[in-house]
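Read the structure below first, then the notes.
Order of writing sets the labels: A, B, C and D. Residues in every chain begin at 1.
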């Protein structure tokens, strides 16, 4: 499909070198967060272009608290500079929507594909991931210009397309927007890391102070009968390919804890020698404990005999009733073993979650930090939001899974090895991005995501 | 349980320093392989002491072709010196049978626990795995003396124990003998690696030349209906804890290839650019291809435009009809994707294998190399023996799995992370060691085991 | 010595938190290079405060072409971000002049000592060198504010000090200004590296195009008789401690080439298999050639069968008559061996240079690139400026050398191991910074400095 | 020069495969050390063949205490297996004497050149140094057979050569014998390391107990006037190329300590925080202290609050009056700085040593350990033997130095970078191997040699 008329609008016609396009423009946004932008993003009946604008602007809103220097830094290979996230998500639309489908579209800069392709081997050669922090140019202003250039083209494409074209474009735009939302979360977890390694421990924004005092409700066991159950995406909304095909699994009876493990509970594990007792750990996990000298969750540090933790609002005392966060799979597994329990499988988790309303502490709360579980009656709490919950399930293809042809087929499938599934979203996830069948995945040693623990046991 | 009378036999009474025990003795065995030893080991009704002697002597028989220098070398961290295998398996009986259960038993040398404990954290401090090749003492003769010392004590313990004691000892001795059999296979795969890195490419023993000419039968699909099936160990014989609990899994209909993938078939994959096409590989696998410059299975090398491979009988031309061997999980997975198929899950494999007779090309054939599949009528071939078959299943606990208390609980459970399950045994496995529920496991990049490929597909 | 009156100026009185000081200020300088600034810096009779202002402003002038993002990046551990250079040189004056000598002075920010101490162990704990690129805050504006704060204090100190105090301050300020000049050169070599690793190959500034066409004069040998000669600093001007004591050395008769080796000459070495012939190389050098796959000087790359090189004016064809630049000691040594010559010792070099006028292609030319040697009659050319010249001399203490007590004693002495001496300054060196006795030093594998080759031979 | 008649002796005529040569032979030597062998090696008027036999047999005598397993291990990349030393020194004679000069000579095994060439790039491809411990074959017996084969050929060559041929062979044989003596010392330092990393701490041989009680004489300063002095080899005996050309150096007046620094003196440095005070160290040295957590000389370990050290006679309490040994250049330099002194330059050392008799504690004493300095009247003690003495001089070519053409030119010259000169020989050096002009060299972090400290100062 090539959509005609792209060249019809003289504003977008480009003559000479790509750089010429980037006319003087206001510096990167310093807008306050608007209340309506996120809700627009969640509106199911909004038009595609409205959704596009909402999600794209939400990305830029997240940048508002940053100094320009913050956009540039890559503090470890897993982290990408904010500047890179802004450009990569833009390249995604350019490469997978505009280039194949917008007739006459010319790429903003032919060098950007090399710089901003993340891992799509079939989309061409790309810059080394660990070297993203060495790239001072294009500047942040250039990158915002790149976004503007692509956004204009996307808006034109989406507003001028007929119904048939729109139907064809919708799956691509949807994956692009979901991709952008994933990077919104990564921008927050990455900038948290960047700021945390700075001896000055600068904050992303001031603390809201509304949460630390809250007292978590006591944990209960919520039992499930198991049996032959369906899991996986059933439609009709958007889902990633890794959530399909829907299929049956046999579950033995089990129970899940009613809420996430708290900092106070995790501190009991520490106090009981959790980080000194090899028998509680997977062998690879114990190797990490020894090699990295782990003594507490990531971002915790001791000051004057007390545990503090780095948050996006700066250093704060560890609040006992908040969910423990930034733990690895290894720590989650060791904690569960210490507690005489285990982690849920992803099928158990999904079976328990599918009946719950999608509500909780998401990025829209602008807390950027998990909060203590409130009272929620009989049912489970914190299933969605707050912290991603490690499952014991290795990230693997569902029965019958096939990757799509072409570069977009690399989105999920090729990572199905040596990673573990997390479920439920976090305080950095857009609420419109999550669903019961959603499978997030990270290597078992990863700690810089908002990852926590929900216990399970056999019944 | 402490068995009395250990000190009654003056031969085993030890006065002064442990070293005094090691009287002059004939050097390490150079016996020919006897036909009866292996069959004795498989006899189900033989007494425990007879089984003990058979398995232990089989270990030593495998050493017969070695030069003394061969026992010392550790050619990579995954490999252990033969000398270490001989001592570690002995330490296992000393630590888990003799010390707790033989009244008055004195350890052969108190320093050996540090040197020969592999990974049992609860059994005390231990030498660094990657440094096993730096240890010239105890000498090989010392280690054979250590075996003799422990074997005498074991024989006395087992022959003098009453029925009740024997019943109590049996599970420990059984795990010790199965452990020893695992190390018999590792001794072969490790010495193969040691000899292979030597530019002289020395052979472990002369070639038998009985197999390479054989023509493999064409592969067929063997279909299975799936449904709700039981897998896992059902008793009454020995099984490792990781094969339990027996439990139900839901299987969609599937088919398995009737035999393992051959070298000729794998060469088509190579010829079709298999090692150049990133889209065929898992992301971690492709990283290995690039970092290690993989171009063919491990042990293959090109000489004069032809593929040769290193075997325990030295360098040999790649025989087209033999099963491809020494491939990683990554290669098995990429090959399957290239072929439009997939790897079986371990549940599918077990369901298909449970009805098959345990027969095939095992270590007792003394080929130490897989052979082309013969004609076997309707059913599948090579299910047992020849090559371990990679499954797509991450090595994980079965529902309800609990590790035993104490150091022996570390045997399997703590390795359930970032490893993949292989099934069916190989040409280096003792036939009495394998069963349909047996779960072997290695990291996805491992290639120095006799590991091959059986294709699967949805039906 | 504590100089009173620091608090007298209300502009510099600081009440609350350090951050409060940094009032809104114009962004980093974008001034054109002024013709007078550098000449002021070289004026010998200017007052100390005038010298101070000239050198300090020259540092900021060098930043004018940079984008703000360029200040942040550390492209390899040897490179420091421009931002860090700006702050570190400021910390140097604060720590070694203001804190001990300006009564009532309060440090701009107590955290800066940790961030901006380079390697002075006796000046306290410091940030890891290789992590300087992870630090987004303080921002570039903060750092310029830090400079302004310290410059104001320095100006007040120097203008209000009496003659006796000034005499005492002069050595400290002089070392601080020479230190700043060293960092001016490092800023250029570091930003060259930062821009070079960017696939976009951005330029620091536009090319001047005045040099590449020039034809180098043929090289001649300039002979020296040798004998017992004095080398080392003889006063009265400033020199580093490593240039003393002045002492005698015995020199055999020798000759030096009249100019530096050119790119064309070096290309003959390449064409003759220079990078393939181990016998031309020091053993450690050959290991580098193999490990790093060196095939040409650093910053050279082949495009369309031709050699191009990255310069501060962007990619340019290698100009045959320019001095070869960015070669390691290993390459200089191998080239000399290939040419049947050797490198000079530093004593030979100094003996030959001491009679030459200090003139040449320095940073004040604003070429930031070496140029072909012009005609200079009988004498040697390019002794000063263009490229630092590797000598064969290991960097070692002169007989009788003693380091000063305290942190400033760490300036030079502790680096006298595994480094080699370079002489004469480069196109990035301020002319007022160089002298015949000046000893620069780098490890033998270093290539990111403007380092070249002058041949020597026995006569 | 091709010496005829090699094929005349039927014993050395070889028909088929090289391996056929190695007839059954008695295992590696277990002879007692003979009193006459070493003295024969030092006799200046003995015939070349007698010298050859004496040096070669001395190498084998050093092996007598070893278990066969000890020959195989490489405990770090700097260490070579004893087996490798035995073969490499043999390959040296085969390659540089027999192949070019013995008409009709056939190499023992064409594969050995690859395995046993150390670093002679011009002598062909070679095995990776760090992988020497992976090579179990050829066996130790094979290697002794290789020695016997080459020794027979060498004996025949040397006994049948006419005077003219002998004169031509002599320089090659001499360098081969000196090379062998260097490897005798390395065999001892390497096997010491191999045994030391074994948790059993096995001894090379029983302690002699004749030395530890001796009390060192107090250290005095021995003054020298300096001035213009000649250093370097003056003939007529053997010397390495790096000892030439003889040349003049200017020396300022200086003094050397009359003996080496003792363990007791070094312990004062430790007690005074020597390993905690960065200001005492070269920057690279301090980095090693921190990275390797150095707290004492290599081979020292604390047991029950006391310092013990590993020796070739096993673990022993540190004897206070023995010379401190196994210190790096960094430690020697830091100790000297702490003591308010410095290390000597190699020219100072040589000037002071040239008048001293070559006598002391060498390998012939069979102590393999330094002993406390006895009383020696006015002059210096321990100039020769006991411990190699670090000088402050970087290993560099003497003025006018040229390497020889061909592979033997790689013997010394290519290592003249980032190494420091040691002088005087050690308790592991053959007495006939040392001379005042002898230059040993190691990187500044090396500790596994018998290296110690002699202080110097300006006067």
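To be clear about the criterion, a residue touches a chain if its C-beta (ideal position, glycine included) is under 8 Å from a C-beta of that chain, and two chains touch if they have at least 3 such contacts.
All values derive from a computational prediction rather than experimental measurement.
Relative to chain A, which chain has the most distant C-alpha mean position?
So the farthest one, by centre of C-alpha atoms, is D.
Fitting the CA atoms of chain C to chain D, what rotation angle results, rounded to the nearest 5 degrees?
The best-fit rotation has an angle of 180 degrees.
At what distance in angstrom does the C-alpha mean of chain B lie from that of chain A?
41
Indicate the whole-number Å distance between the mean C-alpha point of chain B and the mean C-alpha point of chain C.
61
Linking chains that touch, what shape results: line, ring, star, complete or other?
Drawn as a graph, the chains make one closed cycle, so a ring.
Among all the chains shown, which pairs meet the touch rule set out at the top?
Touch list across chains, by label: A-B, A-C, B-D, C-D.
Of all residues in chain D, which touch chain B in the complex?
My answer: residues 67-75, 83, 111, 114-115, 127, 131, 133-140, 194-195, 197-200, 202.
For chain D, which residues count as touching chain C in their complex?
Answer in residue numbers: 119, 121-122, 228, 247-250, 252, 278-279, 281-286, 329-330, 342, 392-394, 396-397, 399-400, 409-410, 414-418, 444, 458.
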